[in-house]
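In this document, chain identifiers A, B, C and D correspond to the written order of the chains, with residue numbering beginning at 1 in each.
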Amino acid sequence: MKRKICVVVTARPSYSRIQTVLSAIREHPDLELQLVVAATALLEKYGSVVPDMEKEGFPVYARVYNQVEGSLPAQAVKTTGLGLIELPAILNDARPHMVVTIGDRFETLSTAIAAAYMNIPLVHIQGGEVTGSIDEKVRHAITKLADLHLVASESARTRLIRMGEDPATVFHTGCPSIDLAARLIQAPDPDFDPFQYYQGVGKRFSFPTGYLVVLQHAVPTEYTHARAHIEITLQAILETNIPTCWFWPNGDAGADDTARGIRSFREKYPGSTIHFFKNMAPLHFLKLLKNAACLVGNSSAGIRECAFLGIPAVNIGTRQQGRERARNVIDTEYDQAAISKALITQLAHGKYPQDTLYGNGDSGRKIAGILATVPLSFVKQLTY
Amino acid sequence: MKRKICVVVTARPSYSRIQTVLSAIREHPDLELQLVVAATALLEKYGSVVPDMEKEGFPVYARVYNQVEGSLPAQAVKTTGLGLIELPAILNDARPHMVVTIGDRFETLSTAIAAAYMNIPLVHIQGGEVTGSIDEKVRHAITKLADLHLVASESARTRLIRMGEDPATVFHTGCPSIDLAARLIQAPDPDFDPFQYYQGVGKRFSFPTGYLVVLQHAVPTEYTHARAHIEITLQAILETNIPTCWFWPNGDAGADDTARGIRSFREKYPGSTIHFFKNMAPLHFLKLLKNAACLVGNSSAGIRECAFLGIPAVNIGTRQQGRERARNVIDTEYDQAAISKALITQLAHGKYPQDTLYGNGDSGRKIAGILATVPLSFVKQLTY
Amino acid sequence: MKRKICVVVTARPSYSRIQTVLSAIREHPDLELQLVVAATALLEKYGSVVPDMEKEGFPVYARVYNQVEGSLPAQAVKTTGLGLIELPAILNDARPHMVVTIGDRFETLSTAIAAAYMNIPLVHIQGGEVTGSIDEKVRHAITKLADLHLVASESARTRLIRMGEDPATVFHTGCPSIDLAARLIQAPDPDFDPFQYYQGVGKRFSFPTGYLVVLQHAVPTEYTHARAHIEITLQAILETNIPTCWFWPNGDAGADDTARGIRSFREKYPGSTIHFFKNMAPLHFLKLLKNAACLVGNSSAGIRECAFLGIPAVNIGTRQQGRERARNVIDTEYDQAAISKALITQLAHGKYPQDTLYGNGDSGRKIAGILATVPLSFVKQLTY
Amino acid sequence: MKRKICVVVTARPSYSRIQTVLSAIREHPDLELQLVVAATALLEKYGSVVPDMEKEGFPVYARVYNQVEGSLPAQAVKTTGLGLIELPAILNDARPHMVVTIGDRFETLSTAIAAAYMNIPLVHIQGGEVTGSIDEKVRHAITKLADLHLVASESARTRLIRMGEDPATVFHTGCPSIDLAARLIQAPDPDFDPFQYYQGVGKRFSFPTGYLVVLQHAVPTEYTHARAHIEITLQAILETNIPTCWFWPNGDAGADDTARGIRSFREKYPGSTIHFFKNMAPLHFLKLLKNAACLVGNSSAGIRECAFLGIPAVNIGTRQQGRERARNVIDTEYDQAAISKALITQLAHGKYPQDTLYGNGDSGRKIAGILATVPLSFVKQLTY
């Protein structure tokens, strides 16, 4: 009998990271994929992943519309609560051998708790890393609920073992987000024009080089400063006068203020060189990234994918604080002058050599192999 | 301004453990108590703690009726989810400086997540211990969401620091459940007759000595065996023919089967020497324990309070597996002969000397002192 | 293509009433049954209907564990809310052509709202009747959400049309609860011994005649008086000294107090002639009823099934106030003397002639026929 | 003791309608206002009413963030469910003498059910009217849960009595939405410039006359056609080339498609004469309406407020089907030519005489008077 692997995807970036794992599960003779889509991953406002999944041929097993509207911390709590109320019926119906959860978004604690309480072995991808924000608490809490850990780096593995996880349950597989980047490098698409696929709003410019990419999300533990933070970055980018692809924030606490800052900026500077996109399919985003002069903001893409692609990154604020990084990243405070200075340094430097710190492109396959063979267990204990 | 300390109590045993902390917070000049009662702690079936709280003069700030009926794992998930949906409004209204959660019951993850996501410093009492069952996962997950750890033993402190908690946030205060036991020893009540206060059902017998106390809960990670497990213990006790006070199980997954086993036993053996109680006020329970010949089952009381009181305990199965224990405990499998043998050994041995492994009676006061003075923070990071 | 008929059963008595409809749907060549079981209908405490359904060969399409524990009005509200949160996923998956809801229990408003808001034609069985308690509000509210009305009596039909329902959507089918009674009369089982099938608790006595049956539920709109109400009836029955089969109350607001009154009575009068049952399978209950000397309490069975079976009924209080009744019913206040007096009158009178006020035994078949052919619509408007 | 009146406002238009009632309750010596704000009324996306309430000096008693994101019917069901889960704690805390609910929005059934099940007298404002869409079912279902009915017209009163409501509980007070309009007429503000208060997007034009106002919401019972419907209206308005103030749709099922249609139109016709607004404060909206040449769409404002103000209205589709109307309304299908034709007729006609069909401006005061004196009851029965 095939092992049924239930993967719960709750946000677009999680789908980007897990896509090659989904393919590898589907193609593995001993595995069967049960794909559950939830929260913002279902909502067009945040770029529903369902059309992309359908394009890739991944059937959706169940949908959980649990996003409570609004970007206050209370809504994050309730969204997690609604997830817990809806997941048991799905898991009772699916009866998976394992449940897979990805990363450290707040609502993924629903997945972890539901699996743990229902005695289903829980697999966590991307545990053992260190960052700022609420993600740091969420990530390690999920580790403690998880029975199997598939980590992106050797230092993540070391950390989990120090945290008392049984070494036999911690596998260094690399981060599957690198798989797509590796695939892209092997088969580049020189003609990708984002304006053609994704309209976005703002001034258009000619590709394929000499532009910035910005992704800056609200930080839930600092959500009352979200507007100030985004305005600083907007001003810094405005002054460079460089063509820029700017992405809309995710749904974390504070997002409404981030969005408000962007909208207000757009009205004030209708002639700026910034073009705003809601989101892109995973491979399209990587194509955009691959030719960018620099990534700016606080997305983990600056640290993961950009390390592999050799793209310079300016990382702002606390969100990625502590995450292991390659030489492509310069960190700055929420400070316009500091951001400008870091950006100038990166533009002057240009591309970095590839760094495989987060994997070398075969994580999906490795992960599927482990899922197919690892002993199944839902009972664990601290090792000390 | 006083610090507002919001304590969320979700079950009767948690109230027993925290009672002296509540008193100490109330009496501290710099602290204000906000007491939230939730889940089974509100339901008469499980012995609502509200009348006891009122008797002790603790006003209830808010009530969360979030217990979903039934004893399947799915209901544990949903109960946790309902808690998450209701707590934000309460915390938004109370605006506490800290939220306190106790122990490792499944539904306490609601409290931990709500506080963490709402940027309120989270205090965890009784972290760092090691056990079996789902409690083990829950306890360490809460640790990873908590900002302040008030632990019962030195080894618990060591473990939390190894797990990457900042040593400055981990305090060895002892377990407040010992406070009540210490108070009891100083002022014993020789005339306590449980039949007078709590009717219960079954044969009555004369106190105050020569009886057993049994507490055996279903183990959620083994909930499909709950009936078999309780029947084994019932048979073992039946054969001793010793007067016995037996307590009803809590609401964990499997509880319905435990209850069914007990009901069926009662019908089959109406003349047995076992008397069944639903629950008792914390101090009454300790009085009962203090004069018992032996505690049998899988309650942590056998390991905590009995260590301090010197009462022999026979601990059955995996629920307390790994929890640090004094010499008063003999562990056995779910096996009638093994339980009988352990019981005979304990009855022959009689009382043990006091062991202060879990505290010496001043935890409540220590905890209040720390809550009043510790720096407030809701941002943390793994120390390695 | 067959019409998919989704029937949502939320309580044991609703299953009793709908059982012949389920059979008729299953056997109809143009219909397909999707059976959803929810709320107390899933819980053993209230007599889960699932084993009975399995025995009858009705496969369960989905289960909704939405009962929030406790018997305060707040829990009734939340149980309804949880139902609303869980039903959409089920209806999205089932894609029924019609949703069927039965009667007037509070939690059935979940079913009605979910179907109405999701543009699925809603069928209501047993609308148009008049009673007391919250049921009266619930029943008529469901009528206003329903697209098709299958009513038990001609006067119910008249009422619905006066209320502004389109006459073309109101069908007088009789009450399917009568179908089972009719079937029973045709094929009686002289040897049914309830003690053999259902242990219950209390004194046993010899069947088959000369006994009372009591069903008295808490009345949500008077729930603070539930204990007083049940005690009055218990005393009245105690004094008769007649063998009695007494059924446990349902989960309505106040039920805990009703149960407490019964438990307290049992302790005080261990030698009474009352035997307490949790519940029975629909046909077994009718067998019991058929030979009873009198039904006492506030169940609609006294008014529906007893009218057909000719069993005298003493109906107490406001719960059935206004419901159309045959000559077999004597109404009384919550008053011990009044109940005793009515009971004496009924025992002196003995059996009544059959009254087909609520149907003559072919409702199930009629209902299935209508479901198979009626035009499907989810848009309606008041007729005036 | 003052009667505590809990008013639950769940959407901006409901606030507009109830505003004078809130004032009248606040000013009444025997009444105390408890204002609960919920659902889209809290969200900036839909124009949070909280700032307006604060400006008017209405303190908010509690906030219920229960809007589940997305515009599918399932989300409407869940939003209602979340409301039911959160309201009991608020009502238990507030202990109002009456709960007031307004109109017929889907999520107001939460308010009605919570009050009814918790034995709190329920007051319904604007019952007894007839329309299309899901509102028609919701409105009459609320009637059946309500104990007191304050209706806008004599025919509404007649209908409720025919529906079996006790005449003693049905009061013709007029619609309080007319109060604001009456107040506006008495004290006009000639200088209101919407562009100054509310930026909106699109071309600006000079006020104060010669413009259209459009409000067209998705119709939940036809939500799959929402995009087609809005496109027809957009084209019809585009062709007139008349300056137009167009309002964003509410959050009903289908709203995402309505919004998509508008966004797509804006990209295609950046030079159109349409200016889009998210929303306006009640009085500002009325000022805008008062000088408009015609209201187009399917808002009830075309039928209520416009009747009083004498503004011509073109009412499109089924949403207002059956609602009693004055001579100022021309109804059309979802058809571009029909809309254009009706619009031309209305522009040629110009203003209509005032019609007080829905009230003459003193509803708020009347309603407060009734709330202060009417007998309190939560038990009712059909009158026939």
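In this text, a residue touches a chain if its C-beta (ideal position, glycine included) is under 8 Å from a C-beta of that chain, and two chains touch if they have at least 3 such contacts.
Model, not experiment: these values are computed from the prediction.
Participant: Report which of A-C and B-C is connected by more C-beta pairs in contact.
Facilitator: Of A-C and B-C, more C-beta pairs in contact link B-C.
Participant: If we define chain centres by averaging CA atoms, which chain lands farthest from chain D? Would you check?
Facilitator: B
Participant: Please tell me the distance, in whole Å, between the geometric centres of chain B and chain C computed from their C-alpha atoms.
Facilitator: 41
Participant: Counting in whole Å, what is the centre-to-centre distance of chain A and chain C, each centre being its mean C-alpha position?
Facilitator: Roughly 52 Å, centre to centre.
Participant: In chain D, what residues contact two or more other chains?
Facilitator: In chain D, the residues touching two or more other chains are 65, 74, 78, 82, 85, 88-89, 92.
Participant: Residues of chain B touching chain C in their complex?
Facilitator: That would be residues 42-45, 65-70, 72, 74-75, 78, 82, 199, 256, 267 of chain B.
Participant: What part of chain D is in contact with chain B in the complex they form?
Facilitator: 62-65, 82, 85-86, 88-90, 92-93
Participant: Quick check: in the complex, which residue numbers of chain D touch chain C?
Facilitator: 73-74, 76-78, 80-85, 87-89, 91-92, 106, 109-110, 112-114, 116-119, 130, 132, 134, 136-138, 140-145, 159, 162-164, 220-221, 223, 253, 318, 321-322, 378-382, 384
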